[in-house]
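Next up: the structures, one after another.
Two complexes are shown next, each including subunit A; its partner changes from subunit B in the first to subunit C in the second.
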Partner chain A sequence: MWRRSGESVFGALVLLVLVVEAALLAFLTRGFALRLIGAIPSLRLEATVSWAVSTTALLLVVLVVYVIGYHHLSGIWQRRDLGQLQAWGETWVKVLHGDAPLPQGPLSGPAEEALLALREILHGDEGILLQDMLRDTGLAADLVKRLTSRFLVRRLVALEGLARARLLEAVDPLFVSLDGKEPAVRLLAARAIARTLGGLALGEPDEGRTLRFAASLRRAELPKGVVDEVLLLLEGRAKHLIRDLLRDPPASAALRRAALEALGRLALLDMLPIAAPALTDSDGEVRAAALRAILRIGYIPPDLLPRVAALLRDPLEFVRLHAARAINLVPGKTALDALVECLGDSSWYVRRSAAEALALRGPDGDAVLEEMSRTHEDRFARDMAAQVRADARAQAADRLSGGVRR
Partner chain B sequence: MKAWNICLLLFQQGVLLYFASINLLYAFFAWRGLRAVTIYTRELSALALKDLLERDAYKPVSILVPAYNEQGSIVASVRSFLNLQFPQFEVIVVSDGSTDESVSRMVAAFALVEDDRLVRRAIEHRPELRSFRSLRHPNLTVVEKQNGGKADALNCALNYARFPIVCAVDADSMLDVEALLRATRLFVQDESVVAVGGTIRLLNGARLSQGRVSELRLPSRWIERFQVLEYARAFFTGRAGWSAAGALLIISGAFGLFRRDAVLLVGGYRPDTVGEDMELVMRLHRHFRERKLPYRVLSSPDPICWTEAPADMNTLRKQRNRWQRGLLEALWIHRVMFLNPRYGRLGMIAVPYFWIFEAFSPVVEVLGYVFLVVSFLVGDLFPEFALLFLLLAVLYGMLLSQLAAGIEMLLLSRYDRMRDRVLLFATGFIEFLGYRQLLTWERFVATFQVRAKHGKWGAMNRLGIPLEDHGTLAVAPPKNAPEPAPRPGKA
Partner chain C sequence: MTSILVVDDDPAVTNVLKLFLESSGYAVVTAQGFVAGKKALESSLPDAIVLDLNMPDGLGLDLLSHLRVQLQRKTPVLVLSGNRQESTVLRALEMGANDFVRKPFSPREVTARLRKLLP
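Right, the complex of A and B next:
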């Protein structure tokens, strides 16, 4: 973990060292070149080198003084801030319960931090009260104002603060940041918006903002993983975005996959029909994401079953692997037969996946595995069935012996 | 001016330009690295990590631990890996033909029983002898195989790995509790990331409590202190800078995370080189660049791995000899990249830099000393001028060390005692009084031993990871551990 102060000043100092040393190098090169053509005497060159030595030594002294000074002071600040943070935490709790008057801004660093930390953990009525406190102390307005600072660090700190504050009035300025040039700013702005909208009570009107968010996400070119994260942070309100990302005109394959991942992780059963076209998407990763969504939700609607079954013969190994896992959600002999077929797949991973799926089906699956370990025409299928049975027995023994499980 | 004087001046000019270029580049990297730290600390805040964990947004990891005669540290290391804070991971230890008690100690410590797991052999390696699973830790697998070298052991572990991200660590290392969480975050965030290197810091001198580093102190021996500075320079300036420039060529073998499918795609680790870590990263670069596929190789300043540095000169010399040979082997294998615009900034900047400023730096430095002696012997050396010139070189080096040490102080876990901070400054000066020259000589010798010592690692003496507080050492290793078998194949 890194300290969150001092790096800007040190960065400026490093830049100074860099510039001065580059200038010195140029100066020395010139001196040597002049000496080479006899334009200056050797004493003059020696003086130039002396000068370079003195300047470098001076830079070194400045650097060391800064490092040691910062080291000493940051230790003191850290101890002081810890004490103040605790004191401010107690003060804010008193204010929240009406036992103390509201301190007026501008607030000190520890006071801001303590208030935002409290806002992070308290929800419901107390959360609303804390939002009012953020506004009344001027911190909310201050954080929004800092979004336009020309210093990157200030903007990043403000974005993190707003992500914790979750203030609806900050969403519009955050959209401006989401359209910014700096990737880190876009990422933190997306997170802050998602946390704010995700934290709203489900009854509150928000569709306009959520759809605007979807449009911004399409433009922002955030990595797929960030979009995943944003959709998960939105929780129940992710529906609008997921619908938007999967409908015509479809978003990029990465965004469609992110939408499907979120659909599965948030277990949005009622949105499964929207995922149906993804099962026949031209992009294999999207097909696999749709299967994962189904698997996470744990249910295959009957009308989607033929499409899922068809994916057991997909040309892509990883799609077949997920299809084998998904088909296991279907009760009855149809799924058993399909899994037995997968056991003879050319891919080791699909065979393993099918065997594990069978093992998860309890006594019926185990009986099939036992039979396949003896009778399957493919030697690799027989081996895999035997191996997965043995693994399942070992795991069961672990559980019975009270082994520590992760 | 005499011709000799002109030669002398030209040589001085060349040496000046050479060393100043390295130092300027590293100062530039320190500046870029600081910017990366600034952004990183905000992007990956505790808040962001909490959000991710609460929503199960992570990728499971297989930790691969190749081990050869590590009886002194293996139990403590594996225990530290098993104690990591991460929702889903497995630890795969591969004993690479160990002749000591590594396996039996693990069997006793983790209640291992033999297992006959069926594993897909995606990569070839020397045959396994036995595999074990733990009755206490379902996520621990131990494999015993014939000796084939570190790369071979890693290939075996790769076959056993079940998860999409693999983390290769040394058996004498410990990971920070949040290291996996922070490092895998980069894979979750951006799917094009294929490899992430963490920061390595020295365990020597650290105080441990409950398997974690509780206090950081400078080690007592100078040889270890010098290495503290070397690691700081390498990780806080060098790698951070190359990573920021999108041209990172090295991910340390002591702690590197890879997308398993990407490693399998390029054929796993190459067993016929001692620079298997750098070679793999260069192969990944080539694979993706040649196919014009999007990918990223990153170094991250925060996920930290603690490792034990050699505490005696003999072991250190062997280590540096191996590093130099590994560097040259990896660069030679991928010589097609040198000044090849097809590989972008890697081919045009990073690879030439590693050839000129890393691989050949011991040759240049030794030649400099030779030139100095010859000048003295022919009576053309002006002592004042030579002294000034030498002083300038030392000051440049110290400046660089202080830039790196300055970044280190921004870490919460830093050398906190003022005495250590002052000593660290002194270390930057004292390392020029013999230590640097000795290692330069070892690297110079190694440059000419690449063929003769092909694939040889050399036995390493380790003190073992301190098990408990206040530096109580683990069981001492055998004094004369046998050398691992030479690797098969040719470069």
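Right, the complex of A and C next:
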């Protein structure tokens, strides 16, 4: 508030100075023009110049005093706020530990901030106690009430607070915010819901809310990065949501990609069969995301192998690149043959990816690379095999010399 | 008395751990941030360290490396971090961390794990 008001006053002050200076310059110009034609005596012009210069100096002094005073006061108030925050932090920890009585609401800004900061970092028994403290002080109800404020900033601050508070009773009001008009509100609401549901103790029923969340996400049109973050925040509880986003009718391509990224990042091995249809998706980015999920998990179920192998001939270069990396997860000759075929790909990136995959297969892969560097019918494939072998040897030598130095 | 150094830039974390660990009978020294943590490591010999990985003025992993490589100390280190990347956890353990607790955390869990790490 102080910062916003202070900056507004500064803006108004600068505008006033500019207006006065413009008027002074106009007055001076007029004075010089009149003096040129002899309409006023030089003494009067000198008086006008002196008056203009002293007014300018005065205005500059006012501006400088304001800026210095503003920063000085800001510093004092910032230190006071930090001190209050620290004191409230210590008070809440004592309350949590049973060493002090619970302060009654309404709470001041630093008290709210300190309580939310503590709730953000704690779970388990202390987390449950803090939730009760949020309710008993009235802060929980107040945050929910602020979601309906007509001021956007107030609503955003409340959403941020609820994301930290992780209160189950706030999820339904948060769904209303997620269906709202402002993109920033939808984003923060999605994050708050994900943090709340992701923080639920294992065994608490959540499927209904998670499916409602999936339906809201389908409508909310959030950027893919936000959906990625939301799914990761849900952690183990992301399963229902991922399943929903990949089932028929499919969600948008961006949501399907986000679901596949989360499936891989959360290493949900048991859900890989759900990713199978994505390997033949009409959207290349989705096919690539399915391959990345497989790569992150590090395993190709046997029934998915033909689909992954088929993607080695995908029309899109980046899909073939991921397919070449994924096929390397398969042990044995099948993968070696597939990678040799990829060495002759028209794309430099796919050839490089296939050669690097072969190099990672140890002596067997190196032997194939050596043979291909001499015998492959494609000149570019031979060059790539030789180059990657040389790079692998150089890296091994570097590692060895690093080890000796250590 | 067994002493524990808590290095974290978040005063909420240092406050809560200080109170809970002190009530369990440990002497607790707190350092807010990388620079303060490094100074505390060099000037004291705690029996165990609770270390945050992401601090605005430096990485906990660098502090861990400083402890193990430069200072050549085997003090037990419990890493406390909100980082959800498995690779970061593994890296911390490879670099000599003895245990890992994720934020949000339970102070009782941290106390119990520290008790196990202490001789």
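Going forward, the second predicted complex is superposed on the first by the 326 of 406 C-alpha atoms of A that agree within 3 Å, B and C clash if a C-alpha of one lies under 4 Å from a C-alpha of the other, contacts with A are read in each partner's own complex, and residues count from 1 in each chain.
Quick note on the criterion: a contact is a pair of C-beta atoms (placed from the backbone, for glycine too) under 8 Å apart; a residue touches a chain by one contact, two chains touch by 3 or more.
Everything numeric in this text was worked out from a predicted model, so none of it was measured.
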Thinking of the overlay built on chain A, is A:D391 touched by subunit B (first), by subunit C (second), by both, or by neither? first
In the overlay, answer first, second, both or neither for which of subunit B and subunit C A:A367 touches. neither
On the A-aligned overlay, A:V65 touches which partner chain: subunit B = first, subunit C = second, or both, or neither? neither
Looking at A:K224, would you say it contacts subunit B, subunit C, both, or neither? Reply first, second, both or neither. first
Applying the touch criterion given at the start, work out whether A:A100 contacts subunit B, subunit C, both or neither, answering first, second, both or neither. neither
May I ask you to decide whether A:L25 touches subunit B, subunit C, both, or neither, giving the answer as first, second, both or neither? first
After lining up the shared chain so the two structures overlap, which partner does A:E120 touch, if you call subunit B first and subunit C second: first, second, both or neither? both
Spot which of subunit B and subunit C makes contact with more residues of subunit A, would you? B
Check whether A:A215 is in contact with subunit B, with subunit C, with both or with neither, and answer first, second, both or neither. neither
Look at A:L269 in the shared chain and tell me whether it touches subunit B only, subunit C only, both, or neither; answer first, second, both or neither. neither
Can you pull the subunit A residues that subunit B and subunit C both touch? 120, 232
Can you name the residues of subunit B that touch subunit A in the complex? 1, 6, 9-10, 12-13, 16-17, 20, 23-24, 27-28, 30-31, 34-35, 37-43, 45, 47-48, 51-52, 55-57, 88-89, 115-118, 120, 133, 135-139, 178, 187-192, 301-302, 382, 384-385, 388-389, 391-392, 395-396, 398-399, 402-403, 405-407, 409-414, 416, 418, 421-422, 425
Under the stated contact criterion, what part of subunit C meets subunit A in this complex? 10-13, 15-16, 19-20, 23, 84, 103-109
Contacting residues of subunit A [partner subunit B, same complex]: 1-4, 6-8, 10-11, 13-15, 17-18, 21-22, 25, 28-29, 32-33, 35-36, 38, 42, 45-46, 49-50, 52-53, 56-57, 59-60, 63-64, 66-68, 70-72, 74-75, 120, 152-153, 156-157, 159-160, 163-164, 184, 187-188, 191, 195, 223-226, 228-229, 232-233, 254, 265, 348-349, 352, 383-384, 386-387, 390-391, 394-395, 398, 401, 403-406
Taking the complex as given, what residues does subunit A use to touch subunit C? 85-86, 89-90, 93-94, 96-97, 114, 117-118, 120-127, 199, 232
